[in-house]
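Can you read through this structure? Questions will come right after.
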Amino acid sequence: MPRRPCEPPPDVASSTVRHRVPFYETDAMGVVHHSNYVRYLELARIRWMNEHHRSYREYVATGRHFATTHVEVDYYHTAAFDDEIRITAWLDWIRGASLRMAYRLTTSEGLIGSGATEHALVDLSGRVQRIPREEREQLARLAHRVR
Amino acid sequence: MPRRPCEPPPDVASSTVRHRVPFYETDAMGVVHHSNYVRYLELARIRWMNEHHRSYREYVATGRHFATTHVEVDYYHTAAFDDEIRITAWLDWIRGASLRMAYRLTTSEGLIGSGATEHALVDLSGRVQRIPREEREQLARLAHRVR
Amino acid sequence: MPRRPCEPPPDVASSTVRHRVPFYETDAMGVVHHSNYVRYLELARIRWMNEHHRSYREYVATGRHFATTHVEVDYYHTAAFDDEIRITAWLDWIRGASLRMAYRLTTSEGLIGSGATEHALVDLSGRVQRIPREEREQLARLAHRVR
Amino acid sequence: MPRRPCEPPPDVASSTVRHRVPFYETDAMGVVHHSNYVRYLELARIRWMNEHHRSYREYVATGRHFATTHVEVDYYHTAAFDDEIRITAWLDWIRGASLRMAYRLTTSEGLIGSGATEHALVDLSGRVQRIPREEREQLARLAHRVR
């Protein structure tokens, strides 16, 4: 059923964030509003950057950041107020000016969602830049695939 | 570049919502946070339901609703505080228990994003149901494709 | 019961925004989450600024803006998905470096809330500044009280 | 400057939540949008309920909950992406059908805000109820004041 692998490949560095669902992220169906999953992916992506690459603070300090160009999420099960969601992120691929992160979301009940996001390196004016060679090589060693 | 058509096909019923970006939807990059686009799709989807099918209120009154099972968004340009975003929605396909909506997002500058969402009809306990025949036939007449 | 007047005084310029409650602003109690009312006040405040004073865009262009230093909201009735909320804002008072806006929130059912916010003029580094004399005089003519 | 005590009184049970500011809670001024503080108060309030009284889940299971009737927040300093905010909550007062919680918000830099919220016990139809005597007595022992 999933459109993509829901586990980080064994050779790939991943990071996991735990997030207890606050009441304000629920909606009138009694479950987490689906838009919040996109925010959960960001939590895990930034954790991955911090643990394996560079902090977002450092990126911004150099006048660059990874703009989001694509988001996709599949929802397998709902989550409710006070559930603990674990979001795991890893680097799916990297190429000259962009990269793709992949994600799985689980609760104590099992897999509740999976997702992917793509990002382009941009400068402060929003122009796309090539990822500098040294950084790209560093990220390539962490990625599942190099494109 | 877009992964999907960014215009409703000529034979297909669409609905458009206008949304002026509030300050609280911006982020520290100075632009709309990308997670909000998923909320914008919901605005347009509910408008489409209201204009072409049935209101969400009616669905809930009958103990059923369309749960979101998949979301995808492509981001072509950023939007900023006070920009007016127009979000157009149409029904891409329908099958036995689910349907897919497609979306385009524009500002006065042009196309800024496109997206799609998939939904399954569920009852109050979250169980997937077949879309009743009469309704499915009604929706099929509005859809770009029947699967 | 209300802690403050819930109507703009007759001599005072006010602005009103209409906001149809999106589904994503509801919570698991089936009503609008109370934190969103603070966002609604911002919608009406910015509208008031645009209609009676200066646009927020202009403020930012001059390197200054009104930082929020205080928020208070009273909740009289809940609002639900698809309700139209009208939020009316007016200038309660102004003094050297700060001002206070007051608000009422209504639906077709009547008054659902009231609120007030206070703001200090700050520069880009966050330092409080006196409101320039000409601007203060202009705002004072619009205010209910001058302190 | 603060309009209320910014420390829990020494005789009063308090609870503290730590919240690392996610990027999606920042706004185009580069700091946490002020509306999020109201959400932070909820995080600490629910933690207090869990640690000192009853879990929100239990309340809902009995068909009752504490509706928010009033919110107030004072902002002393801004917070930014990735800052850790500690939010401490305590029970300021309780009376027949309502109660007031008080809050302080700090970062490693010191006090950044304080607040209070009031709540009425309501049933599922939203009607205000007296807090049952046993519960009220239990809460009164935890409160700073009984009104």
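Per-chain numbering from 1; labels A, B, C and D assigned in written order.
Throughout what follows, contacts are C-beta pairs under 8 Å (C-beta built on N, C-alpha and C of every residue); 3 or more make two chains touch, one makes a residue touch a chain.
Computed from a predicted model, the values in this text were never measured in an experiment.
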* **Each chain counted as touching chain A and chain D at once** => B, C
* Identify the chains in contact with chain A as well as chain B, in label order. => C, D
* Structure fact -> Of all chains, the one whose CA centroid lies most distant from that of chain D is B
* Asked: Any idea how many Å lie between the Cα centroids of chain C and chain D?
  -> 23
* **Inter-chain centre distance, chain A versus chain C - centres from mean C-alpha coordinates, in Å** => 36
* Structure fact -> Note: chain C sits from chain B at a C-alpha centroid distance in Å of 31
* Structure fact -> Going by residue number, chain D touches two or more other chains at 23-24, 35, 39, 42, 81
* Asked: What part of chain C is in contact with chain A in the complex they form?
  -> 23-24, 26-28, 30-31, 33, 35, 80-81
* Structure fact -> Residue positions on chain B within touch of chain C in the complex are 22-24, 39, 42-43, 46, 55-57, 81-82
* Asked: In the complex of these two chains, what residues of chain B are touching chain A?
  -> 3, 29, 34-39, 42, 65, 67-75, 78, 126
